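Labels run A, B, C, D, E and F following the written order; every chain starts at residue 1.
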């Protein structure tokens, strides 16, 4: 129940409240470029939603298996060379950006080739949008957001599982679709408007984007409103104590002494 | 046939120019007659007439505050329209009264306590970004007054809360400070129905009195300047959702009354959502539009951080209006 | 520790790159779809960034549009000029080898020259006015409501005193104006010289009828055909053979212009936007 | 040989080389910079601790190793969700407990709000409040960052539930447990207040046993 | 919808949308049809119908008799031309018809002995038109005679009638609908014809029905013409002809709308009445068909109404085709001082013109002279998308979008929204509060769309 | 392709005539996201400049080794590497700023601007030209970013680089530092730039 609510709120937030395009400004290029026809925009939205879900799956898997500190696969390999403790601290998160962009690019290309060869009809309706997606920030943004909820989270129980990751990605794509379809509808209307010459094209699109962003601000806080409405706070029941660390403070330097490892900064 | 021959002679002397003498004949494509009863200016004047009760009540309730706000918005809307149209080098469009209508609706949707520059900025934004940038009257996608209001609402959120209203006349004393909806949302207090209906509450100067809005709105609907489908569907949707919520909470019914008669619901349903430019063309589309607006109003009111949702709901539905038009595009006869 | 970390990072990247190149290389062969070699050549030239800036769905979509629909080759902002030139070479649409073409208006009557003109109330468009009888006496001449001006993207058409005029400095001969002219009096003509003679009339009526409606109509008097064999009369209207025009034909044409009783032969072209007439 | 040249790997040799080189380089950078970044993250919190616990005058002349900070995590389970509160127990150099600082997170108006709450030793009163991270509406909600507003929380007893009121006018001015709401941003001020309330309610019972332990240690030392 | 059902018919006597302009028929509906005198000169354009121009058969200087064929409609969609006078053929002249067509015309100088036009009219309105001996005429002969008599639809479009009545194997005609709606304001010629010569109409209808082998014949009249309904009822007694009384509404007389009103069927987009088993013809055409077959006289005359506040004496006239409009106007007392626009046809779909030497053609159903007050229209303002045009369009189109598409030369949007379904009835322009010339724009849009499809 | 622009031409073109934001409409995501203040905007511009310069130099150095069908892969790889480096340096030495910019630094990877310059210039021309091009484009990008950021920061907070420039009575236009303000400012500035361009071309013709 709580998990479902969580999923629902992640979906709602990604699709409407913090819309990828109108709140985070990712995917602006297709938002401006490929929003002239509703059919085109819808196809683009579908393709993004599809690819973003695949990319989320791949990046979540790679992050949890290989990249994050103490990830099983890299720790296993490092275990051949290092002690068990040291192997568990192998941290490859620095490679994450490269890995993500490659995962996206190759999955897009693979899917495109596959669909083109075996489903020519499907390719004509949505495959043609695929190449445009590689440089779509929305996909990478979704991967990064998922990463920030997987790596470096203080509370191990708050780490996102695959379900949450894919929900965010999928509904992020849905939000992108909503924004771009609305925009394309408006732009079709604008074909018949007497727009001042300097504003034709990208400028008016951005201004409309601004007004849409204003409108979507009306949703701010809907997620917490729903959470409060469905799940009022109740009192605590159980508590567990966790290991302690000792830290010393002075004005200039922070030093941490913990039981497991020591990092000194000068 | 001697008779006809004689007549032929008379016709012989007759020239084309004789017929046309003293007349200025001109040509034009069909149709040659027009319905003279309706024109855009008259429609706009109808809206102005319909707004009079609202304006009068607001002036009665808020005195100088309302007068000041109305004047500021009206004047700056007209000036903004003039300047922007001049910048475009187009013929003047002040005559069609649409700028005046926008100005008055904008003023009525602002709280009386908002400082002068709020009205001015809202007017400039409404005219510039809301209207002229799309090509002027009839081309705008979003309701200009709502664009202006939304802009200042977010830009000057602190100044826009009616809570800072200073009670001078003594008429508005039902709730100190907060508007009925925010009082309800944040403090769980409610206001009597009669206050809501006649407007002795706080809020934007035009929205407090539901009675005035309904009177003006019915006039508009009666004159067919505004469609009846939109207000009806908005009110029904809000009624249904508020009713369900009320039943779920086992409320007293005041909840429904609040949602129906406070906030800008009546004002919005009759004067803002019905703006023909930004609402769908067909009656089916208008039902969908009204339903969507009502849904969004209630979602925003119930769950979001804002106590009031008409403005955002209308802007959002304006944005999807082209899509609604597309989906409800009438099938030509013989196509189906 | 450090060495191991470095090695594992390098190893991860290497493994990833190997897997990638294998999978994609295999897929490329396995899923190969035969396409027009011309399209492939175009794709080679395009930047393959797939930014969508051209308004198409990625570079290959644009390539298809270029090859199959003959779309303009200069839409790629990323590739810029070099890209456009390369594309033009493939498509063989080299600009510059062709004769310059301009729009030419085959009507020379200004408002005052027109007879039997009536006030027209209605949509101020040639296409609408053309369907109404009696806007002006002449059923062939320029209506002067400027459909061509609106159609022109290069600011090369103007209405002056009820007559469409071409600004030859701006005209690129795209033909947009001639497509929208309901009376088809604008033609796209190859200019072998800077200035060429045109017959500024399209009235195919007999002399009596055309004279009745216009002061500057061609009355098919054959004066021009006697001076230059480039002129010929068809349908009560003089015509000039532009295709065979050479420098030798200049003098006779000037004479014909001077001889024409209704001044309907004009010389038009660069460098001036021509309000052509000798007496009026 | 030709077969080898046409091989995908051979074609992509440049990619392979670059990938390997770049991967190694990045790993090097990681090893070099990671400690700095980690320290940055910790410093972000640590820097605030003295001002949250101590008086401003005291906080100003904190010297090297004047404070010993012990960190631990308290886990609370509610409705099947567990919540984590990182708690920093701050000891003076002489070993006496100066107070506790806890990090708390909760839903604000726009997004999550992250707070540091300072409590005196024993958790009886709030000694300080600091907002680490928020995305509230600029100009309205983000006025929770302003010191005068935050200072209202200081010296509030932790036993009472704090309430946001419209304005603390008149004689109510000094009544405990009243927080003046920010006009126009009721939700943001309420969010902060409710995060504080919940956090204190959650962790206060967990603070006490340790305090007792500390006292015992001190007594033994004496 | 559906509340009111037309008795005896599947339709409900009404169609969707439409408008109610003031009909102003009172100006001329009480004046009896008067017979014009023989004009001195007759001008007969070679193309007075839809389709291919007819081939000229006479030369300059040649003498012709009344009713002699002077132009032959060789092509299938074409109609022959007959001389309404006896006289001498003069040199061809160029005429510009009100609909903008610029073409060559035969002119005939009246000379010699003439038939009496009064007698022709009396013949038509006499009561002795046969109703029961129709079966002696062979269907194929009827079609042939219609063709050779040059009969075209007199409702306005002037579509050659023989094309409509030629039997077609693929599309069987079930119902013959006689259109007597005359929904255009001002025009009363059909009304007068129905009132004064119902028998001729009935005879023609029976003959036509025989030609197309229709089982049902329906005469459709709007409910604002009770007199005509009464007369028709009398004339159709003991025949199979039914009379449908329809709601007065513009454009009730348009064939698609009429079929929807009476039969309740919609003609497919781009289709013809025959797609739903209907043949449709105007009442005037029926009278001419009857006359052509029974009296063996070709189409040389027609009834027109000259009406409007800009004319001194509004009248209904029986005129020879080819008579100059000058003379007609003169016969009606000339134009008043404030006449501003002269329209061939009704004010909704007629063509205005300025050259009064233009002849009356087969398709001219009337001349409407409008005054300055009537046509005074405000300046055009921007479309405010009020949707009134959508509510008025009988074809259920979105005129504002079509017009804007035409204005911005956007043919793809225009085609997408079915610009070709528009038949230019003018309802949208009539109701538009912004005074946008919607129909005119749509008309240009249709041309542009057609042009772009050809490219 | 004989007539490639010279280094100087490349440099000048990038600043205004081919301004990446206003003329080519490239890299709009960061342009909108980080321009609510001058500081983040300039940090972003510097990061982009760093990545652009490094990527251009590296690509130019290895341009003879590039295979056509693999060039985009190499570009992406290079760009991603330098973006990661920039990101880590920011996190290490400008921690607060790195937190403010959040995911928009890694999103430089998919910024079309850099891949575009690699394609157009670096993969065809010498190191020097490529570097000049990178600097020119980076200056152009920085100018665009700072113009938007200046408008947004001054109107939105009355401050410039965090210092108050407008009097205290100035009511902050909060909307300008929120997402809608970003769209509106860029849209209006873009319109303004186009307008100036139109007027110029009208005058010259």
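A few points about this structure:
Keep in mind that, in the parts below, contacts are C-beta pairs under 8 Å (C-beta built on N, C-alpha and C of every residue); 3 or more make two chains touch, one makes a residue touch a chain.
Treat the numbers as computed from the prediction; the structure is a model and nothing was measured.
Centrality by C-alpha centroid: the chain sitting nearest the overall protein C-alpha mean is B.
Note: the chain lying farthest from subunit C is D, by mean C-alpha position. Looking at which of B-F and A-E shares more C-beta pairs in contact, the answer is the pair B-F. Farthest chain from subunit E, judged by C-alpha centroids: D. Between subunit B and subunit D, the centres computed from C-alpha atoms are 48 Å apart.
Between the CA-based centres of subunit C and subunit E the separation comes to 42 Å, rounded to the whole angstrom.
One finds 69 Å separating the Cα centroids of subunit C and subunit D. For this pair, subunit D with subunit E, the centres built from the Cα atoms lie 87 Å apart. Each of residues 5, 8-9, 11-13, 16, 20, 24, 49, 51, 53, 118, 121-123, 128, 131-134 in subunit C touches at least two other chains. For subunit B, the set of residues that touch two or more other chains comprises 24-29, 129, 133, 136, 139, 151, 154, 156-157, 305.
Residue positions of subunit F touching 2 or more other chains: 25, 73, 77, 81, 84, 88, 112, 115, 172, 174-175, 178, 180, 184, 188, 191. Note for the complex: subunit B touches subunit E at residues 1, 4, 7-8, 11-12, 14, 16, 18-20, 22-36, 38-43, 93, 96, 98, 136-139, 227, 276-282, 329-336. For subunit F in complex with subunit A, the touching residues are 25, 28-29, 32-33, 73, 76-77, 80-81, 83-84, 87-88, 103, 106-107, 109-112, 115, 175, 178-184, 186-188, 190-195, 197-198.
Partner subunit E is touched in their complex by these residues of subunit C: 116, 118, 121-123, 125, 127-128, 130-134, 137, 139-140, 150-151, 179-180, 182, 205-206, 209.
Those residues of subunit A whose C-beta lies close enough to touch subunit F in the complex are 22-29, 32, 94-95, 97-98, 101-102, 105, 134-137, 140-141, 144-145, 148, 196-199, 202-207, 209-214, 217.
Contacts from subunit E toward subunit B in the complex involve residues 16, 19, 21, 37-40, 110, 114, 185, 256, 260, 266-271, 326-327, 329-330, 334-343, 345, 347-357, 368, 370, 374-378, 381-388, 390, 394-398, 400, 417-418, 421, 424, 426, 429-435, 437, 439-440, 443.
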